[in-house]
Amino acid sequence: MYRLGRNISVHLFGSSHGPCVGCIIEGLPKGTVISADRIASEMELRKPKEGIGTPRKEKDIVEITGDINGKTIGGPVTMIIRNENTHGRSYSQFKDKPRPGHADLPALMRFRNFDIRGGGPFSGRLTAPLVAAGAVMKDILRSKGIEINAFARSIGGVEDPEKNVSDAQLTDTRARTPALDEKMKKEILKASEDGDSVGGVVECIVTGLPIGFGGIWFEGLDSEIASAIFSIPAVKGIEFGKGFELSKMKGSESNDPYTIVNNKIVAEKNDMGGIVGGMSNGMPVVFKVAFKPTPSITKEQSTVDLKTMTQTSIKIEGRHDPCIVPRAVSVVEAVTAIVIADQAKEAGLFDQ
Amino acid sequence: MYRLGRNISVHLFGSSHGPCVGCIIEGLPKGTVISADRIASEMELRKPKEGIGTPRKEKDIVEITGDINGKTIGGPVTMIIRNENTHGRSYSQFKDKPRPGHADLPALMRFRNFDIRGGGPFSGRLTAPLVAAGAVMKDILRSKGIEINAFARSIGGVEDPEKNVSDAQLTDTRARTPALDEKMKKEILKASEDGDSVGGVVECIVTGLPIGFGGIWFEGLDSEIASAIFSIPAVKGIEFGKGFELSKMKGSESNDPYTIVNNKIVAEKNDMGGIVGGMSNGMPVVFKVAFKPTPSITKEQSTVDLKTMTQTSIKIEGRHDPCIVPRAVSVVEAVTAIVIADQAKEAGLFDQ
Amino acid sequence: MYRLGRNISVHLFGSSHGPCVGCIIEGLPKGTVISADRIASEMELRKPKEGIGTPRKEKDIVEITGDINGKTIGGPVTMIIRNENTHGRSYSQFKDKPRPGHADLPALMRFRNFDIRGGGPFSGRLTAPLVAAGAVMKDILRSKGIEINAFARSIGGVEDPEKNVSDAQLTDTRARTPALDEKMKKEILKASEDGDSVGGVVECIVTGLPIGFGGIWFEGLDSEIASAIFSIPAVKGIEFGKGFELSKMKGSESNDPYTIVNNKIVAEKNDMGGIVGGMSNGMPVVFKVAFKPTPSITKEQSTVDLKTMTQTSIKIEGRHDPCIVPRAVSVVEAVTAIVIADQAKEAGLFDQ
Amino acid sequence: MYRLGRNISVHLFGSSHGPCVGCIIEGLPKGTVISADRIASEMELRKPKEGIGTPRKEKDIVEITGDINGKTIGGPVTMIIRNENTHGRSYSQFKDKPRPGHADLPALMRFRNFDIRGGGPFSGRLTAPLVAAGAVMKDILRSKGIEINAFARSIGGVEDPEKNVSDAQLTDTRARTPALDEKMKKEILKASEDGDSVGGVVECIVTGLPIGFGGIWFEGLDSEIASAIFSIPAVKGIEFGKGFELSKMKGSESNDPYTIVNNKIVAEKNDMGGIVGGMSNGMPVVFKVAFKPTPSITKEQSTVDLKTMTQTSIKIEGRHDPCIVPRAVSVVEAVTAIVIADQAKEAGLFDQ
């Protein structure tokens, strides 16, 4: 199913080269304000930036139905985004020659008559309504003191060295500072000029969750965030707090001892990334997400011809992002916001 | 909810220090053979091993109801495992003094009257019925040519260097070889003698999935595996294939080109870990799971007294595993088997 | 949630006086043919008929997205129906003076800022996308030998006396024959001239289900049909086979004995309406649905003024159906088709 | 699935002639009191009464696990009821000769190796844990001012004539008064002496729901009650308020006008049975449920021999209730309580 969430849910529809993409949002607290401006500004952040993004340009105007003068009335809210700049000319060859690293091969095996243009229903284009829905979720969470911010921790070989991140500027690459933005841009441009692509790591920080927020067993906060994050195309790993590094540590080092500051319980450090037992321990929830390089590169690649069942090669033309990280930052924030809004509703946070 | 799976599902019940733990399994293909022997041998693997595991000993005999002479008849199958060796004497102090790294603090904040003995419903004890259910799933998957095998990739500072893992012996630490087992055991014993604990990495390999197996968007194979894996206590990270390493690579390096071998499509290498677009590309599905060190250590630790809201310290006595990895290997296999059996049913694999 | 179905599901969106209504269909068997003509002809049947239906006219053109040249490709199929003939002038008074028999009072109490025009999200207008989705379901079921047919068993005091119904003509009132159609029309017109309305009974017959089709306990065929049927506005009762009459019978009368005809097992009669234990016994599934009279009447009615909390009266103008039964017949077929397609997918009928 | 409910859910397990039946309850408000006495007294009501019920006697002691000293702690609560009085000797013949009116034929066609003893998983025995769970739900609803009471409206030809039912005594047949109890008992005994059985109608009244309680479309209060009611074995019809009678009325008669009494909005009458648009209008929710006669009768009946595919006849010995209504009254209350508790949690009633 294309549905994320149980209490508040987002249901995607549409495809990359059809008339539209969109989503139905259900379960929003009654009277939720749907701000067209806030949605538009989040959509802007997801758009490809000059030079470092795909030349496919979409206006991404979000039509909203189901609310009354910007306020929800209890029923579902539908968002529709028209596809305008669709020219799928360059896709037909991949129907027989699946692109390495793409969903082509499994999708062609699984779905008869699969529309490979733009990746069809698998397309990153469906992250547009996710970001629109995420904008609404971020708004309702902010009103409860919960903030979600992500940034580019690394792109290719360039890594942000700062350990204690407090805030991030909105640069083109979503690097935290203009200086890092400059370096990461170069990394992307260099790969792009070589007809190649690069990956990177997005880091996301959630603040304001009360101690005990989350769920247990199969509804743990980390379980549900991880599940949603892996639905983003190109994600290959996630770790909370020190993640894989923890596996090499001693318990006496990794445990985050508690103390009292200003009459509040806090952990002295945050190696756990704010989650123990599937629930918030009151520290910021911090996680890192590994993105692989965009599989679409213009370099010649080896693949197979499904008709003749022989080895062959392809060169991918089309329009592509040489690095998906700058745009993926918005998507990481959006799916995280949907998961947390969903659990916040279950926890009764919106009843107060 | 304590339920994993949609088409075939496993629903946990019970708690660490109550009369029993268990699970209800629904949706098994009709006529599934429930082999008490196979279940018993999987339960054996999960048991703590002399010296490197907790001294709490449980017989873990699995009572099965709902089948007829070992075959399912279409209704739910219930498995009940009695708790016998429960003496919760040493837990009462943690009701006011939450143990760092444990679920105590969020659980006490979230649930009134929470039974902290053995972690109550959060306890690793609930992985016992998971492993019993997983044994059934592994059996029905094996009958369709799908095998799931996990092993200890690393424990503390000891790492298995083998890149191309083909099979693994069943040693005490679940290291792949007796030599590695020896080293990893020492790592655990050393930590144990210091009143400390160590973490590690479990690697899991799934073979035999057809190309296109899995789902897309929020039901992707990686999304659902990740979600289930994070429900295992102490997991802090997961990566598929080369995972975080991919974020530093070029697309021309990371893409796995296709070729033909014996008239079958295969990828030339497996950096993607067998999954693209949430579906199998026909290569083995390979993922690594990071486990933090067991939070229960006998060293003195700083924490807070919830009654007085002042800083204090605790020493944890009780019975604990100085490293959870050797036992967690079975649990990783079990939840992976449940996820894959669930998706296999959706894909109609059991109809044939 | 506005979602019906688990394996094949229909998710409604939109509202009576917003820009559109529609639905997302998920889980259709791959390669399902989406016939625009078949959908259009079902939409035609649901339209109000001259004289006996509301004067609100809608073109009800169904825009379809997500398929390729009329065949599904595995992803969701979205159907959008524009609202054109919306003039909500006559609704404002009901915001303070809830109409008896309508959802106004509970809806106003439950949802702040509820858009009462046309019933908002509660409107019968949302049955339009249900009928469009039902057309697709009826098609895929027909290809498996399963047929769903409903007709008007009674309207007001006029009842169809035929016990052994084999087929029905498509008259304006959905009476089975032109003669009955004439009588039922008169019953509706008489009520309409008095500024009043009438109810009726819809009977639905499903043929071609294999013995054992359905589910047990909370997924029984009767449970799921009943649940879907009560979602249709104005339904007040459902009975299978002889229904309430069975409560006055002896077991020796009510049991349907089995016999062999043409080497097939059949029941000698069908008092059970084809369902025992939540599953088909191979006989046609037959059930009756009671519809109350349309609550919108032009006669003066007593109600309360929510602002002053005093008794008052209203006269409803607007555009309404004096009897909902003729249009509801299509909706009964549609939701039944969705439920049965959903269970058929679970049963693996579409895998063959 | 054997699961009822979304927010608070009851998951059944076990079978009639296996070691036990039981249920897992999830989602109970934290700190819910689990009263063993209250559960025992509800179980007592469901037991067969001397003369008019089956001679199979079960102690029906409910073992509870997952709570602490009678209070829930946030995790699932499991209830286990041992089967003691199981002697399935008389069932073997039905494996080839399905009993008319029973689930035998579809169950045998659907499930290979189906354990026909006592109806296996289809057995009314599974209503025992439903009633145990219902006892808990009734308690938590009562604490919010919501009461659920059912009684025998009719048994065979004996009908309770009282229109305005205010309360009911707990007689053996669950008739409202000792005089009616006497008559209904005679009706049952007469059928029993003839080797026959009778059906009846259970009426259920829910008071204390706030205006607007319920859901819309596929989660309407009537949709969810109807679905749960049809899961009870032998149910063949349900109607709310005047139900099928409404289909013959005019809108000017059927609409329930609103008025003000003691500064509260009430309807002047309750033909709608308290539900409009899937939600409570503040009046008592009233519905009637039709039960068919118990299909097990000792009279000779015609059926088929599945091995030879020829007509044959059977005589059913075993132990049976000649009328299920007296025991079904408790089950109607129980499933209604589960549905309403589930929706009450969604509505936030337990947060206050």
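Each chain gets a letter, A, B, C and D, in the order it is written, and its residues are counted from 1.
Going forward, contacts are C-beta pairs under 8 Å (C-beta built on N, C-alpha and C of every residue); 3 or more make two chains touch, one makes a residue touch a chain.
Predicted model only: the values in this text are computed from it and were never measured.
Q: Only C-alpha atoms count here: how many degrees separate chain A from chain C in terms of the superposing rotation, rounded to the nearest 5?
A: 180
Q: Taking each chain's centre as the mean of its C-alpha atoms, which one ends up farthest from the centre of chain C?
A: Measuring from the centre of chain C, the most distant chain centre belongs to B.
Q: List the centre-to-centre spacing of chain B and chain D in whole Å, with centres computed as mean CA coordinates.
A: 40
Q: Suppose each chain is reduced to the average of its Cα coordinates; what separation in Å results between chain C and chain D?
A: Inter-chain centre distance comes to 26 Å.
Q: I'd like to verify one number: the distance from the centre of chain A to the centre of chain D, where each centre is the average of its C-alpha atoms, in whole angstrom.
A: Comparing mean C-alpha positions, chain D is 47 Å from chain A.
Q: Two-or-more-chain contact residues of chain C, please, as numbers and ranges.
A: Each of 1-2, 12, 75, 107, 110-111, 121, 216 in chain C touches at least two other chains.
Q: Taking the touch definition from the header, please name the shape of the chain graph: line, ring, star, complete or other.
A: complete
Q: Which bits of chain C are touching chain A when the two form their complex?
A: By the definition above, chain C touches chain A via 1-2, 9, 11-15, 18-20, 22, 24, 26-27, 30-31, 63, 65-66, 68, 71, 73-76, 78, 107, 110-115, 120-121.
Q: Which residues, counting only chain B, touch chain C once they are in their complex?
A: The touching residues are 75, 216, 348, 351.
Q: Help me check something: in the complex, which residues belonging to chain D touch chain C?
A: It is residues 1-4, 12, 98, 100-103, 105-111, 119, 121-122, 126, 154, 156-157, 191, 194, 196-201, 210-214, 216-220, 222-224, 226-231, 233, 235-244, 246-260, 263, 265, 267-268, 272-273, 276-282, 288, 290-297, 299, 301-304, 306, 309-311 of chain D that touch chain C.
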